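Labels for the chains are A, B, C and D, by order of writing; each one numbers its residues from 1.
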């Protein structure tokens, strides 16, 4: 039995898109999982993955992946574990379908994030939420659905979690400067963004997500103001954040809370977990997407330029790799957490029956 | 007597820099003023202006300007009106020197902006402040000094002024995304900014200016939080703003207050005054530097994406042409205001005596 | 009768696209023509032009244009003069249709450029070619079709014409670095071009056009090697050119031939004609798109960095504004030439009959 | 004895610059060499390397390197092997000085490349040239000097070498589109290159290097025309190349010659040698800096878009990582070749005596 055969097979929904490609790349040398099935749009179905995907990354398309035949949406899948990089509309339809069929769907789509039945999971912050899949309507069939947050939200909550835990959050304001890879491919036309800033993403939809997801993840209630912008950066969302705390804290206390932050993935040594999920850079001009986005293989959220603020208590800058920690890596880490918690060891017969 | 001879001669301090060039460009076809004397660093002194200036603009260097001999710092000047595009350190030395010699110095430098004796002037907002030059220590010699605000501040106060006048300001938060032309030439190295965002300008100095100048201009007291960023844009500072008002107002009332804003320069029809100093664009994805920065020949501040905010009352995006309305055009408009108010008609003999 | 009514009405095919918008912009204050009819795809038909067009330019959409109702492809037109900014496939169908109906079609599309019946017109170079519309199959109905070259070709032939006329061309090599606006909208995805160079445009189609159109325009036979690249520039194609001449010439003779070049549009003082169709900039680091593309309102082709070459005789850099002189302005200048030559004064009844 | 102690110590001249940093990065986990001594300008001397270097790379500054004390130019060095990332002027002075003192100087500077006594070394192409250091004037002291080519030239000769070996070269034309990292730091001002192309590098100096170095490396005589351009790309020089061969060859033969190319570093399995020094990508739109520059850890030169040419025999696009294969990696590979050839095993006492 080869290495490839010993690993847990994984299906990817939306495998040819920008986030799907990041998943394919991350699975190439994954110690637990192997990319076994690719699902994409009808237009791609039937082609080899290597033909169907317009490969965007600066590493080469893994040879084994290139040879997979792309399956059509809704096609029966062998893999119990399904990673979803679908757009919202398609996720609305396919994710419950596969969960119903007994698959464990680990999704990056926004559709079900705020659904009270669905864990909105950041393993460093609320790993216990994963357990809730046992109570989902798809549990009797062995299926389930977990989601990871919006790409900016991952960065925001990673910085807020230690502050909420240590001091409590009274109010937060965030202004994002988001990379074009967040819009997928073809995404943002170059004529719209070269030498430009666009003060809107999704006609307000992005702001609504950012304003509501953090409270669910942090299980806390605080007002959050947010303005989003698109900037001519390829990878890496930069966020100017202002934070008012419930308990007065010095900049030094805030810094210590941020820098020491660690969680379940680090204790469990999950394969995709960075050594440091949150790293403080003690410089006014950092973090920067060009120089810090690859920290921890794109899984470390960077915080820098921490300073006092006259209205809030502190302000600082956060950087998150939007297609890794903010999307593909987030989903993969969620899948690893489920595996480590024994939630993947499900009745295979159920899957068979579901067809 | 030629047209050129009938106009008021103007000297430019720091004439070869990025802002100096914008002044030279703006003066080319100015109906009242003519660019008569160029002062630059010792390195440029003695050269023709056309040789000394590394011309950065996409219009051609005016032919008459190219032939001017560059004077050294502190050289005696014939023109009573002196426009200063100096850096802070040189301004600290030269601006009082020329004011002392009886020149009216209209400065873009930050050095004396917060000096209580010096008007920090935005003609649409506080034109009356210009009168204070009569009480300056240099008044007996016929000299004076007025300044315009920081490039981001011009955009910020233009949007805040009608809100302060109509509703009162309770608290403001601003996050800037600033163009590279704001750093002058050579300024920001391309290796630092291509495909990047830098969350700092001047090691905090820029934030300090933005946090304090608006209150002086608006003659109001309110807390202002600010975070600055540099983005890969050539011209145009984009600013995400959050505003809490003293008096409750609907979005529609706010919109009307912003859109109707006009001031003294429009009433006086000053040559550099745009028809609309502030223009509301009713679109979520505007303003954008690429598409809106040239409105009103770079003198119109644009506001768009106005929406309600859960913590503040409203948030919106502001765009200001940083080297025109935020620098050269601001200084020029100040000079025009002084001229229109009769403050330029000074005893020429004083100037002569000063040498 | 208003000014608008006294001018010649003009229809634009493909009015909502990137080149169509440049035409709309150029017609706003045109002394002879007025934008009277807009034709666009079925998706836009029935809407107001202001709604249908995603306006890309940094000037405001002209108010009168915004109110025009967009007509569907093939709709009957009142205007005899029809400017076409269609893509190739649609041009193949619609341009002969309108010519057949008695319209004079002045096209920017590539479809019929190499058709021996169709003039490929650059008014400074081969104005006489316009006469050939009298012999076109659509002449009996009063119709006709003229085209302008590919956007890079306009720059290339403008520099080659004086060299061909004075010394003869033996061989030419061109490498283009083309702006993204050349691909229209949405065109090039930002993920493909931010911080990148793409060594291909249209899978070789662009190179084929550039290798064949110049010889037709210059009525000369010489080998032309060409390689094309897309670069992250908004407007302005930069071209590195190497030229071998039939008659030996010094760099100085070459410079003089280039700089003195002028043609029929300048003699006729056509409204869109720049004072200088070709301008030599005597600097090694020029022309540059950022600084030179607006010369002559985008109608001047710039040449610079002229130097000797060991294999060829000389090499230099050419810059052409691809959507102005290379597209919309080229078509408009062609229309003006036809008007000045009296070729627009056609039997209006023919048009009426065609419906 | 630690790993660090067992490795050959290496000194870096110009260690704080852009290329010096790439050397520091490459040496971090080098199996043979260890970064032991840093030499930089007087301004940096005495500081810790971590303070003195404005770290530009997206990996973290190696901790051991950060602690090294920076030495001043001309300071005595313990390491026999000296890697030089100096600018030309400083190289002119320091490189012979250290060679004279018995050091083996492996230089990236241009100063001595065309010196007939000095090997201009590309290990895949002319490894035998390394032997010539035995005949250098510094040989009696145990010293020597080898250089690597200009950053664009490495890409050019890697593609030309198999063609010269198989078919002979008759004429070559190259147009480069060079990344900003090639100009070092601070290098190209962002105001000069954002959204721009500059058709010149070093006032013609770059073209002179590219036109002469390939013939020395390839030991062949052929005319080479070259035009250089700077484009807004961070890393990776893209080159449009046209090649005329002495012996007629089909595109397929040319492709095979290119793709099969390999050399001494691959046979010797030198640590920095990529598996494939030259890789053909069979796509019209490749190579691209954004997607291909990291192939072979930046040591693989990519060739793509191979096609027939009417004047030459073939044209294609070459991509080289300018600060890795074109600079730091080139020098390091040269040092490894010297080590593998036993040319590093020199009398240490000579070094001692030299002080």
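Note that contacts are C-beta pairs under 8 Å (C-beta built on N, C-alpha and C of every residue); 3 or more make two chains touch, one makes a residue touch a chain.
What you see is a predicted model; the values in this text were computed from it and never measured.
Between A-D and A-C, more C-beta contact pairs are found at A-C. Chain centres here are Cα means. That of chain A falls 43 Å from that of chain B. Distance between chain A and chain C, defined via averaged C-alpha coordinates, is recorded as 47 Å. Between the Cα centres of chain A and chain D there is a gap of 39 Å.
In chain C, the residues that touch at least two other chains are 56, 192, 194-195, 232-234, 290-291. Taken chain by chain, the contacts link every pair, so each chain touches all the others. Of all the residues in chain D, the ones that touch chain A in their complex are 55-60, 194-195, 234, 290-295.
Of all the residues in chain A, the ones that touch chain C in their complex are 18, 56, 180-181, 185-195, 232-234.
Residues 171, 173, 175, 177, 192, 194-200, 203-204, 211, 223-225, 227, 229, 231-234, 238, 240, 242, 284-291, 304-305, 307, 309-312, 315, 317 of chain A are the ones that touch chain B when the two sit in their complex.
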